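Presented sequentially are two complexes of chain A, the first with chain B as partner and the second with chain C.
Presenting the complex of A and B:
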């Protein structure tokens, strides 16, 4: 693959981070918020995959290994996040994060 | 009391014994600085000839006054407070007498001062009493500051002098292993003179010597028992005691001696003049106290510390007697105004006799106590007249004060006790107090008669002489000068005679309004305008200064602190509002922080590196 292709892939990652952050900042629905976090995180995972492949064969399998670990992390995170969604729903009757202001002192 | 007398007897039997018991409170090891050999703070008791004499005075007079208080104060409110403060005072006074070093001395000195403040202000609901207490405290405070400065000067001067690593390393005690540490040669004379003058300032504050005398007459606002114990017999004598201790253990330079003689001699006369016109029975006695303290200071200045203390000893008895007799009168008729009393001797024979004995002792009529000690003072100063020409005027002043003393005290006696009846018919019928008030009068009367004769007891005389040896003064007891004594007795009798002519038998001598001495009388009644002057100084100079410092404190110092506090308060209020609790807000802050990091790392960092060169 060429340098040009790398630039394109990195551009994709940047776009995904941007979409994720935009979602985090604008969404009020907790589930959509979680999805946005996942999108941003996937951008980071993608980066590991690219750099494991460029230049090919010189870095062994560490990039791929980290990718797998990170996907596992993401799954755990979503599990915790969904548990919070359930608890929030039970407490407030809604999953709108604008209603959850208990972090305030 | 019994213990005090026993200790004194022991001291008489073996004069020159020093019993010193002490514990070290704090010890600093040798280190470079003003005290190269280390520094100790010591608490201890020292029984020596001087303190044993004072111990008798404090315990005996203290006991009698406490006994008298039972009768005098029986109907007062706040009795627990009264007895608590009196007991604290007696404890502090005993501690002061027995202190074995200057710091401990100062500690108890302050304690008796604060007790005096409490007890003058005992009737604190009376504005005059409250302000008198404040005045006494503040004026003596001036003396205390001087005294403390004097202590510091002595400490720094004598720090390394003496055996065993020097005075500082041994805790500044007066005597160690029966050897007095001081005075030691080799110190800078100027420094010692200044230190001595500062000590004199402290003593003048406590003993109400000119020019710090103003507080004592006002201190008469307290109960009469307090005046008798604190402001006649013991606390005010602490200043004299300090001078005696200082002259024996620390030593005074000739300049200091002259200053002490000047203060004492002048005060003796000056205070006596004010007593001549005053209408208040207690204040007349108070002025007389100042005057007598002046005599003691005079004797110490002339180098005869023990003669001064001897007068202190006799004076304590007859002055306490006078005060308690006056208290009896006040207790009976409910006023202190001499011009409203009269003819009291019919109803109060014992009190009249006691007051007369006290008066005779004060006036220096033999064989009463005051004669012997006052005569010794005059004789001792007379014997020193050759040492300095400037002793002369003060000797003359003190000598003429004998006449005034006899006059004013018998003026008070005649006004109160002689005549047919009270000049103010509204006064209640006089009566003697209960036995607890009469017993102290009788005992003190006995002392006032015989205390002077103690000097003929060999042990007692030994005590007096032994005390003075330490100061390097030859242990010759001043020989009684017969001519001098006759003159002073004649002056005393003359004073009594004049008092009888003017005031005897219920006569009231009134000065014509046009009389040329009228301005003098007004001057004396207004206490030479000293109090007014001090008030003016206080109002004009000290008060604005106090206001200025208060302003600085309140607005500059407090203002800075409060401004800082307000700044942080407001800042945190603002900061708190961004803590909305909304997750998305927090996420936004995270993103903003991230962006800021990017800007910093990618734009500002390279720019700075390019500008100043990376390294």
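Presenting the complex of A and C:
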């Protein structure tokens, strides 16, 4: 039987969200932005797996089921993000998000 | 300290180190390599938490498909894939915001009991029965959103758009 504490896992998630926010705020390359969002989203997905592994009621298994759905959502997000990368590269010749300013007032 | 705690500590340190390295290295191809290690490490954490189906799904979808998609994105947008990214200044404000987020989330952990507890294990059969039973609407929603995502991606990248 595996015995572990929940707090360590949640600390790992908090650190990963911090790293993801740092990347979103500092990077200007669209692909690096996508990677930062993926890191933060993986921290959120990890939380569902923890609370499935440490259930406090009868809903433990739903955490794992929701995780399957969330991994699919994240994959869709990357596919749409890369389509935006390709369209931005064709329009601007660069994927620097600081150069995409058409919608700014 | 038990073997499981030691394994989790090592996996957590590798996860944080590879995530930070992926955002701090200058070459984009090295970023992809670090993020691939990060995804494999997370799937090892899923296996540690007795969720083998999710571990395999993480390996297939993230370490496989998402990594290759990101690499493909780099290959199509650059003439030389080993070209360096121009340096971006790491200002004090983003670092401070990231630290504030981390400290805020960790301070909320004080509410939890720090004691260890036994990890619940589930049969993959039970997971599939739950996924296609009570959580079936979520799976349908995932299918619809993926369909919309694929249609949107094709619309964005098609040639000859005015």
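As a working rule, the second predicted complex is superposed on the first by the 95 of 105 C-alpha atoms of A that agree within 3 Å, B and C clash if a C-alpha of one lies under 4 Å from a C-alpha of the other, contacts with A are read in each partner's own complex, and residues count from 1 in each chain.
Note that in this section a residue touches a chain if its C-beta (ideal position, glycine included) is under 8 Å from a C-beta of that chain, and two chains touch if they have at least 3 such contacts.
Every value quoted in this text rests on a predicted model; they were computed, and no experiment measured them.
Novice: After lining both complexes up on chain A, report clash or fit for chain B versus chain C.
Specialist: Partners fit side by side after overlay.
Novice: Classify the contacts of A:25 with the two partner chains as first (chain B alone), second (chain C alone), both, or neither.
Specialist: Both: A:25 reaches chain B and chain C.
Novice: Once the structures are superposed on A, label A:69 by its partner contacts, choosing first (chain B), second (chain C), both or neither.
Specialist: Once the two structures are laid over each other on A, A:69 reaches chain C alone.
Novice: With the two complexes superposed on chain A, say which partner A:91 touches: chain B (first), chain C (second), both, or neither.
Specialist: After superposition on chain A, A:91 lies in contact with neither partner.
Novice: What is the contact status of A:15 with respect to chain B (first) and chain C (second): first, second, both, or neither?
Specialist: In the superposed model, A:15 contacts chain C only, not chain B.
Novice: Pick one for A:33: touches chain B only (first), chain C only (second), both, or neither.
Specialist: first
Novice: State whether A:49 touches chain B only (first), chain C only (second), both chains, or neither.
Specialist: second
Novice: Using the touch criterion from the header, give the chain among chain B and chain C with more contacted residues in chain A.
Specialist: After superposition, C is the partner touching more of chain A.
Novice: Would you give the minimum C-alpha distance from chain B to chain C, in Å, for the three-chain superposition?
Specialist: 7
Novice: Please report the chain A residues shared by its interface with chain B and its interface with chain C.
Specialist: 21, 25-28
Novice: Inside the complex, what are the residues of chain C that reach chain A?
Specialist: Counting only chain C, the residues touching chain A are 2, 4-5, 8-9, 12, 15-16, 19-20, 22-23, 28, 31, 35, 38-39, 42, 45-46, 48-51, 53-54, 57-58, 61-62, 65-66, 69-70, 72-74, 76-77, 85, 88-91, 93-95, 97-99, 101-102, 105-106, 109, 112, 114-120, 122, 126-127, 130-131, 134-135, 138-139, 141-142, 145-146, 149-150, 152-154, 156-157.
Novice: Enumerate the contact residues on chain A facing chain B in the complex.
Specialist: Against chain B, the touching part of chain A is residues 21, 24-28, 33, 97-98, 100-105.
Novice: In their shared complex, at which residues does chain A touch chain C?
Specialist: 1-23, 25-29, 31-32, 34-36, 38-39, 42, 46, 49-50, 52-55, 60-62, 64-69, 71-80, 82-87, 89, 95
Novice: Touching chain A in the complex: which residues of chain B?
Specialist: Result: residues 576, 579-584, 586-588, 591 of chain B touch chain A.
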